[in-house]
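Think of it as A, B, C, D, E and F in the order they're written, each chain with its own count starting at 1.
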Amino acid sequence: MRKVGPILVINPNSSESVTEGLRVALSPMQFPGGPVIECVTIDEGPPGVVSQRHVDEAALRTADLIETRPDASAYVLACYSQPGLDLARSITTKPVYGIQDAGVLSALALADLFGVIAVAEGSIPRHMRNLRRLGVDGRLAGEVALEGAISVADSGHGEESYAALVKAGLKLRHMGAGAIVLGCAGMSGHRRRLEDELGIRVIDPTQAAVAMALGAVLT
Amino acid sequence: MRKVGPILVINPNSSESVTEGLRVALSPMQFPGGPVIECVTIDEGPPGVVSQRHVDEAALRTADLIETRPDASAYVLACYSQPGLDLARSITTKPVYGIQDAGVLSALALADLFGVIAVAEGSIPRHMRNLRRLGVDGRLAGEVALEGAISVADSGHGEESYAALVKAGLKLRHMGAGAIVLGCAGMSGHRRRLEDELGIRVIDPTQAAVAMALGAVLT
Amino acid sequence: MRKVGPILVINPNSSESVTEGLRVALSPMQFPGGPVIECVTIDEGPPGVVSQRHVDEAALRTADLIETRPDASAYVLACYSQPGLDLARSITTKPVYGIQDAGVLSALALADLFGVIAVAEGSIPRHMRNLRRLGVDGRLAGEVALEGAISVADSGHGEESYAALVKAGLKLRHMGAGAIVLGCAGMSGHRRRLEDELGIRVIDPTQAAVAMALGAVLT
Amino acid sequence: MRKVGPILVINPNSSESVTEGLRVALSPMQFPGGPVIECVTIDEGPPGVVSQRHVDEAALRTADLIETRPDASAYVLACYSQPGLDLARSITTKPVYGIQDAGVLSALALADLFGVIAVAEGSIPRHMRNLRRLGVDGRLAGEVALEGAISVADSGHGEESYAALVKAGLKLRHMGAGAIVLGCAGMSGHRRRLEDELGIRVIDPTQAAVAMALGAVLT
Amino acid sequence: MRKVGPILVINPNSSESVTEGLRVALSPMQFPGGPVIECVTIDEGPPGVVSQRHVDEAALRTADLIETRPDASAYVLACYSQPGLDLARSITTKPVYGIQDAGVLSALALADLFGVIAVAEGSIPRHMRNLRRLGVDGRLAGEVALEGAISVADSGHGEESYAALVKAGLKLRHMGAGAIVLGCAGMSGHRRRLEDELGIRVIDPTQAAVAMALGAVLT
Amino acid sequence: MRKVGPILVINPNSSESVTEGLRVALSPMQFPGGPVIECVTIDEGPPGVVSQRHVDEAALRTADLIETRPDASAYVLACYSQPGLDLARSITTKPVYGIQDAGVLSALALADLFGVIAVAEGSIPRHMRNLRRLGVDGRLAGEVALEGAISVADSGHGEESYAALVKAGLKLRHMGAGAIVLGCAGMSGHRRRLEDELGIRVIDPTQAAVAMALGAVLT
């Protein structure tokens, strides 16, 4: 096997706990002898990427980080808003994955129609713009936000957020979704349990992106 | 890590040499402790799946095989015509990947527009029907067949087929493709070299499908 | 008029009563001196084509039948799942019609938006995949399944199934459908009555396919 | 069989020779005991519908005619520009067919991609607008105009126009068309010969519309 | 500044009160030294363009008027059904704007998704056909008709129609519309007030078309 | 007339000469008593927005500027890459126009198909992504870059750039474009002359955006 640099998973917000959650979620893909999956926090980022300004500021910081890490073999932008995806691709020829794109496309590889669970109502229009740009909005069964004011940090832990995920998932399944994408980097803790309860595939977008990256760098 | 069954990669034609090629192509993703990637040949299949009858006959044989292997954790249909994809999904709730879908969707995770290299002109309309069904034909830069009469078995080896791949790849890059999908299970031998020569991502569809399967079964 | 062979209408299930229903439905198009409209049953087929396995098995049997009947001038696959449509077209240059395609396209010739009445909920995703492949999903007002457990055989007879058809038809008309396609080969017995009650065009897909076939072979 | 009124085929231009050509083209569908296929000329129409003003004027005249013929069971607007299609549908609940829609939709029932042969370059944008409205432009292989200054009246007769049709047809077949629609009401005289020469289906749009109308009124 | 002829705003119905409403609505764009914005009534038109026959008749009258006014620098068809748009463009090379197109396209310049308020349910299918032809139906959040029997003439005045507009606007905002198009030439009187109440942009289509025309003729 | 603040036209690059060109291009829309059209340069911007990094950096600077100018009644982002369009809309409820969107949508109000002239080949994929997001890529006749190494600053002046514009324009007209959008803020100097030479509408996107803004703020 040729030597491959780490897959750099970039959390553009400053919440180290979110990055730690990514590490846990990705640990099953960290094999002895396999590419290092390295999760990094952008310290100067906001605690969470919630506004469009956060997204646009994160784009530049992400690019700056990428430029300091030419040793990486692939980059994963671990935020559902994919800050700086175009910019990253303009400064490196290595594979760059945005987790929304990777999650949605992985869902389409498994089912005719997909659904998305958003943490908050307000991010749905931003997601829709990206689905239109991706050109796959025709296969969206629906996007549903978690009920209640659940933060990004809480969305992957505890019974309250789990109950909200199940409620959203049932709605999407009823709308015809054959697979569901978790519309945020922080929900992975509930993935397997939700999948078993709903009986349809549930996709954590960061895991999906890293799996794609493994395929790209290994072979 | 919970115990996961093998990822079953099904070659629906009877050419053991093609299956052996798949094993080589997928070996970098076979980690100690990781899921077994098991490549199987359908012995009663035709030497190559070239006609629509081959596709339809392979669908049933593939389903029969899947029913004998409930131990698998995921199934990959390693033929670009994806024989029996709908049927397989109707008889198992485990993830089933068709390599055309997986290859194309992986390309879309890396670039705006994708191109496809077909072994033969005659299969392009069949591919186009599937792209329309996938709903992503709007992002196809083009599909180009190899010039000369190159067989599936030869498409991944030797200078003649490599030269034909380069020629097709240059055309697709000129048409705007930012990533190229190899439109057959047998071309993987040339992937890395072609990618380096063209300077854009080249995707072997079976590798792409197995990478997605790893993501689905590991996490 | 040049001599034309029969229009072969193929019922891929083994229910002779369904075939007999087709004969009745098509009898108004059987003119003295006109092409023979011949309805045949595939005896070894299942009683009804309900699962994806039925569809895929029927594909091969249909092709086998077509090869024994080179005297026909056109072929109509009289099952809404259109088993073997691509295969049939790969083995004959004569016109081959699938009744879903023919029914839906005939509806589009009469109205902006169309609706479909399915016998069972479970077949709707299969139909949707085909509409996407056809590229006309953008004009679908909706597809609605009959309420109650009504079999294919019963769907064209009796007050219970008629009442269910009216209920579905009213929903579709409310959704904006200007024409309705009966989503199964067996509902033709209710067509005219339903059309009069709803006040919009109702299309039996087998009749629509045979009408198209008449146009192709006569002229 | 219930009594059905005539299928009224309306030629919106004043060229009786064109109407006579329609009668010849449709005669194979005129069966003893079957619905009368009646072709009528709008005497006050222009010799040919070539400009947009012709189209818009023809719309009103066609509607006036329809109102004087409530005895008809269906109406066919035998001009590829389909003057007054929406208007006709607003004044009668009987089936109204435009020949462009019927021809194109019949082509889609036979092949993945279709091509169109236009009499003149200038009408292509008008046709494209209607294909977009129909929502099937995604399946157009291409539209090609006859070379040379061939009139509507001449387009269905003589070796000069036949040679131009073959040239256009070969181009469309090369572009991937699996079926070809004659983009004018006057070319039917060459249909069968062209079909035999090209080896793919060639559709006369008026014949296609009348076949659909037969299906609608007979059953 | 080079001399520019008037922008001719054509009301195809005979209601001088509607024309007077247009004058009021457009007066803020009438600058000293700027192009004259001239609103004209087609006296022989119907009191309101409500049926398809009205639309088709208005097409010819509008073209006749345009031919008598070669001094104009641009033409605006001030009826949401845009009678004669294609015809007008075939007889003049000057800019011709239809207010539905201009209104909808202006909404898309301001928001991701747009909504439309129709005066009456019956005109919605006609509008939808045009949106499909425009190719922007994918961005329609919804179209909602005013409740109650409110005439075109009343739709821009009084509390009853205003209340109906607010109700429709709230529905559209809830459906995701980021901008709303008033689907008739006569509602402009309520525009500003409705915009302030809903908190999203409300577009009067005639004002939008004249603004575009100003841009085209001035620069 | 109610008092309206200035329409703020923001040039995100630091080239005061480009801003001066905007002033000249927009001066015909500056009426006595009308809204002030104020063109501002972002001094800390790059000399030209050519790379994706320039775009992303400009987004933040543009937003900062907008926040200092709450007196404006509308904002126009006078760069074809529309830096910060989503961000601007997230921080103000006033109308924000991006010139690519405004230019393209204005073209669609005038013609079925539009073409775009880009200054450089490299920006075409970026433009295409936006057209897909806009959802109007189906109406693009083509996008063609100026031949030769012509800078943004030179693209609106001199015979060399004019000749290149004519060449590109002729290609687009041949591809079916009925209107052409100048794909850069700096080409307006050639607009009228090019329009007269090509015989089809040519649209300067900044003029188009300001015209739309006038319509929004005046009425």
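Here is the rule we go by: a residue touches a chain if its C-beta (ideal position, glycine included) is under 8 Å from a C-beta of that chain, and two chains touch if they have at least 3 such contacts.
This structure is a prediction, so every number in the text was calculated from the model and none was measured.
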Set of chains adjacent to subunit E and to subunit F: A, D
Neighbouring chains shared between subunit D and subunit E, ordered by label: C, F
Repeated interface matching A-B, over half of the contact pairs identical, chosen among D-F, D-E or E-F: E-F
Centroid-based (C-alpha) most distant chain relative to subunit C: F
Inter-chain centre distance, subunit B versus subunit C - centres from mean C-alpha coordinates, in Å: 34
Whole-Å separation of chain centres (CA-atom averages), subunit B against subunit E: 52
Centre-of-Cα separation between subunit D and subunit B, whole angstrom: 44
Overlap residues in subunit C, where contacts from two or more other chains coincide: 129, 132, 135, 138
Chains touching one another, given as label pairs in label order: A-B, A-C, A-E, A-F, B-C, B-D, B-F, C-D, C-E, D-E, D-F, E-F
Complex contact set, residues of subunit C against subunit D: 1, 25-26, 28-29, 31-34, 93, 95-98, 101-102, 105-106, 108-110, 134-136, 138-139, 188, 191-192, 199, 201, 203-204, 207-212, 214-216, 218-219
Residues of subunit A that touch subunit E when the two form their complex: 125, 128-129, 132, 137
Subunit C residues touching subunit E - in the complex, by the definition given at the top: 112-113, 138, 176, 178
Contact set on subunit B toward subunit C in their complex: 51-53, 55-57, 59-60, 63, 84, 86-87, 89-91, 126, 129, 132-133, 135
